[in-house]
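Got a structure here, written out as structure tokens. Questions coming.
Chain lettering (A, B, C and D) follows the sequence in which the chains are written, and residue indices restart at 1 in each chain.
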Amino acid sequence: MPNSFGKLFTISTWGESHGPAVGVVIDGCPPGLPLTASEVQAELDRRRPGQSDITTPRKEADSVEFLSGLFEGRTTGHPLAMLVRNADARSEAYDEMREKFRPSHADFTYTAKYGFRDHRGGGRSSARETIGRVAAGAVAKKILQLAGEVEVRAFVAQIHDIIAPTVTKFPTLAQVEASAVRCPHPATAAKMISRIKRVRSKGDSVGGVIECRMRGVPVGLGEPVFDRLEADLAKAMLSLPATKGFEIGSGFAGTMLKGSQHNDVFVNKRGRIGTQTNRSGGVQGGISNGEEIVFRVAFKPTATILQTQRTVDVRGASTELKARGRHDPCVVPRAVVIVEAMAALVLVDHWMRHVAQNGSFKF
Amino acid sequence: MPNSFGKLFTISTWGESHGPAVGVVIDGCPPGLPLTASEVQAELDRRRPGQSDITTPRKEADSVEFLSGLFEGRTTGHPLAMLVRNADARSEAYDEMREKFRPSHADFTYTAKYGFRDHRGGGRSSARETIGRVAAGAVAKKILQLAGEVEVRAFVAQIHDIIAPTVTKFPTLAQVEASAVRCPHPATAAKMISRIKRVRSKGDSVGGVIECRMRGVPVGLGEPVFDRLEADLAKAMLSLPATKGFEIGSGFAGTMLKGSQHNDVFVNKRGRIGTQTNRSGGVQGGISNGEEIVFRVAFKPTATILQTQRTVDVRGASTELKARGRHDPCVVPRAVVIVEAMAALVLVDHWMRHVAQNGSFKF
Amino acid sequence: MPNSFGKLFTISTWGESHGPAVGVVIDGCPPGLPLTASEVQAELDRRRPGQSDITTPRKEADSVEFLSGLFEGRTTGHPLAMLVRNADARSEAYDEMREKFRPSHADFTYTAKYGFRDHRGGGRSSARETIGRVAAGAVAKKILQLAGEVEVRAFVAQIHDIIAPTVTKFPTLAQVEASAVRCPHPATAAKMISRIKRVRSKGDSVGGVIECRMRGVPVGLGEPVFDRLEADLAKAMLSLPATKGFEIGSGFAGTMLKGSQHNDVFVNKRGRIGTQTNRSGGVQGGISNGEEIVFRVAFKPTATILQTQRTVDVRGASTELKARGRHDPCVVPRAVVIVEAMAALVLVDHWMRHVAQNGSFKF
Amino acid sequence: MPNSFGKLFTISTWGESHGPAVGVVIDGCPPGLPLTASEVQAELDRRRPGQSDITTPRKEADSVEFLSGLFEGRTTGHPLAMLVRNADARSEAYDEMREKFRPSHADFTYTAKYGFRDHRGGGRSSARETIGRVAAGAVAKKILQLAGEVEVRAFVAQIHDIIAPTVTKFPTLAQVEASAVRCPHPATAAKMISRIKRVRSKGDSVGGVIECRMRGVPVGLGEPVFDRLEADLAKAMLSLPATKGFEIGSGFAGTMLKGSQHNDVFVNKRGRIGTQTNRSGGVQGGISNGEEIVFRVAFKPTATILQTQRTVDVRGASTELKARGRHDPCVVPRAVVIVEAMAALVLVDHWMRHVAQNGSFKF
């Protein structure tokens, strides 16, 4: 099921950018969770286009409709189906792309794979697909919060070559949301915003890096061998549009250290076993160790730019393409909530898997 | 199934470092594949300990025994079970670890998760688990070779802070195997080897980066949305012991470019549509585009070092640990064949998934 | 995923009897299938309540809305989401059941399992859940028809103790639809209809047996060992509300024969290898052998009857319950299209699995 | 994965009748279960050929070897791999079948599906494949016993046309094992044994019916909608060689009753809610209701008989076949332990799934 994610807490998204609606079904949601549409809506609003002057001007209210799985304000344990209508799709903006492949876009590979061509708005490869992920992520975050005060916080750590100082304290949601770019360091945020505006003014685009932290995660989540927590996080992140890299803890930089420098020494932290440093990023042997989980995700610059680019048409002939349509000059700020959603989904799923194997029977 | 990988071409590994044997079952293997034990053995020999003077001296022949799934030299379509006996396990070397947690090792998290402690040799978290992956990978590579002359080639691109020049031509197997460190650039390989020897002489360890390339991959492999080819490659790589990062194509460095610099322009390459550059790394929208697939994996320095380290014991009291046992000062050279195996497994699985959806019916 | 069915052609149903809507998402549908809403609607109309005077009078148009997965009249290969609004739910009819458990109904077990109680209309256990199955089954049948002229035909073979003569010729759809009870033998159909009317007049209910046949199925579908074709058919059928038994080919009666009487002798049928008799029911060793697939499903009498029954309330105290609401005195006639849907889904899924393993590579 | 069964407690079997060995890997086994090889061996001995004078004389010790997953007498939570060597395979007895298809056997369909022919002993379709199921079932039964004193007891209810009286009390293991035929009613058992001997003397075979009961099953196991407990039991049973039917509770006979006769009235049983009768067979709405689970499985007569039968050869030409080899004249007595194994596996898997969804979080 290529459009599903998660083994026990499973989400299935559906819908295209220019179809009537997009949505998600959550299967396996624990019963009894208090949940309101406004909690889901709040997260969708963080993802929504048109929320600030550095995002695409496409106008979408992205109002969520619950179709099943709630009864008297609580989840029932049955599938939770949610739907968001598409409103402001302007297919005519894509007319020029009817016969021309957009460089570095899913356009060509989709056509080759499926043998047909829906040139409008990227179809299923559009970022609108992530609406379902964010809606499901809102449910997962609520579970984590109620179950153990687990917090999931993503933020922008880099835009183009502007790199924010290393975060030393778990950022608050307010700190992240304080700027349109979702970088909790205000001075850097201001620079990032002007950079995005500048590239947009030239019809160009930029990428960046999102960092995500999770605190309060219990020891023991993650499965050896193939379903390590970091393996499933990596898959979750690389399943997002425009991502090109993932690293956890010390990541690529850690390859520059020796073992004696890199190892996290165990210490007794007020009665629990913890580590003095956190180069492991909160996982050891694929399993959470109780420290903060810390990972980073690389996003390439948006492929659709408003400059003339050389390309080929569907017959393979050389041509030029100047895209129209409304596109984000930088997807990274809006992707923050999507990264959080996917991280929360991974955590809830692994939590259930852990309990299934280790909590079902007493011997 | 945490110990299985792949949806249609599925491998399940089993076995512990200090148990009687390790092994793998492949389910879903296409029937009719010509296969001999020596082809699998050749790959196991590349992974085997004691193969050179920069690896652990543990002596293991790692001879593969086929238990099922072959008939008259060809696969039958039924499960292919393979087994390798453990020979040279020296559990007594682990006596000091009976009560002390090894820093940055799976030791503590396994104990916390499962409620018991097998202190010997890492149990299931040992790199011996990867024997099954390599054996299965040998089968996958054979399929790819016969099916379409698809080649999978990994090599060492960095050890500690020694970085090899960028590879401009697809390396041959002979070039990779020419040095014990498996870096195809001879001068760099020599430096890497002396660095590994030096850190080993101090009881220390180093990590590095493996690059993997695949050529001949047909257009169309990979599934939107969650099972993108790069998402499954990322999961496969982060499921390997000691990995901390994954990037495809331009990766983290690509975040420094603008869209106008990053986009891969489409061109007509002797009748097929290709791209002029390959910052995408061979995938667009999660689907292979016919260009070389290029990704990199970060390996941290080996956690088990032969120096005295501070740690805590199973009761949480501070103590010191000086590991004994036979350990690799750097796992990266032996991991080359494991990276290839996992990459080949991902490719075969996605190939079968692609054909299932797009080749089963004609309308 | 308890609410999903199928490994490669996967359906996920959602929705409750008294919620706003019910629906289904198909994931893995081959691209390029010509499909219209009216083709799906035609099947839903066969399942719909109020279609004849022997079914529940609940009024539901059951109009299907396509939300995704179609483009210019063909499937895209992406999720096909379909939705049907609930219209005529009368929750107040269930007021008496707010505190009393309905005998032989999912009511008690759902309450015990999930820890809450949605007394209205059965919630997720309602037959309205099968709308999604029928809609997905319409797509599967279309695939089978276009792919190989495979036909799936179910019909009523028994109502209460009225047993239709053995079918000797594959019935046409018209023959099945000729009577409200969907028994292709007209004289028996008439008796069945009057039996259903008589028991309804007494507030009682009856069950029966549906037979299903599939012809044109290619040799080779079904997987040893656990995913035998008959195993997946059995699961599909026992997943339907009110089913208590499944048999294929000679079934339970076949246990009365000796091997020499039961074996199906192989013969050469105009160039293809076939069997003279079909006690195997079209499968051998779990794999289709090219003969007609023939199976039967037992449905118990509807649990909800309009007579006073003894029961207990939610606190375990003895009480009496007289159900109101609108219920089928016999679900069997409407279940015919549901049986066909599930059978078609199993077949398409196995077809794709077969091709994936046996058609992906040539050696 | 056609050779795997179970979602959370997953078994994967491998091995052919005439290969070197058969085996099983259990993935997801809870850690800490006390387990010895002799407990598994005891179950294998109940399945073993040559155990009595009504079974095949093939001599196989069927000694189990544990390869992984146990440490100091307890399961570790990691894969439990078990292996049984084949000893007495006599491939030459199958020479006549090299070119002739055995009627009602997997022989033809396997050849058609996989494009090659292993004529010896049925290959993967052999009953030897069930060794792995029985070994895994022994583990599942141990879990059920320790977790909640859940008992699983199968027995022979019918051989050919000899039907045992309805069981009114849960039979003890000793009562079942008292006769070679495993019918707990001694007088009927004697008749069954002489029937089997008589048909064997004529080179013929018979089938029969196994009934299975489970008591102590907690309320709440089973998942709506597709993964109903009875659906997974039906699949498990129809995945066994030679099965043709499954029914639960009132089964096919229940179709002869009216709703007012069939419904199980709820009563207060010393503080717990139970039912007065058990036509439901222990499940309602797909979920266990705390009553005994009762189901029956139909086995056809053994296909391989020692009489001359008409058939075709691999080229489709008419011919005759007189099988040699050592075959059971009736597989039903040996299948008793296999039915128990599969039932126990389904129960453990659903138990873990139930806890995962309903026990992971408290709100």
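A few comments on the model shown:
As a convention for this text, a contact is a pair of C-beta atoms (placed from the backbone, for glycine too) under 8 Å apart; a residue touches a chain by one contact, two chains touch by 3 or more.
What you see is a predicted model; the values in this text were computed from it and never measured.
Counting only chains that touch, the fewest steps needed to get from chain A to chain C is 1.
Farthest from chain B, judged by the mean position of CA atoms in each chain, is C.
Each chain gets one centre point, the mean of its Cα atoms, and the points for chain A and chain D are 45 Å apart. Centre-to-centre spacing of chain A and chain B amounts to 26 Å, using the average Cα coordinate of each chain.
Shared interface positions of chain B, defined as residues touching 2 or more other chains, are 2-4, 13, 28, 31-32, 74, 77-78, 113-115, 124, 224, 353, 358. Taken together, the chain C residues at the contact with chain A in this complex read 1-4, 10, 12-16, 19-23, 25, 27-28, 31-32, 65-69, 71, 74, 76-81, 83, 113-116, 118, 123-124. Chain A meets chain D in the complex at residues 8, 28-34, 74, 77-78, 143, 146-147, 224, 351-353, 355-363. Every residue of chain C that touches chain D in the complex is listed here, in rising order: 2-5, 13, 101, 103-110, 112-115, 124-125, 129, 158, 160-161, 199, 204-209, 219-220, 222-228, 230-239, 241, 243-252, 254-268, 271-273, 275, 279-281, 283-289, 298-305, 307, 309-312, 316-318, 353-354, 358.
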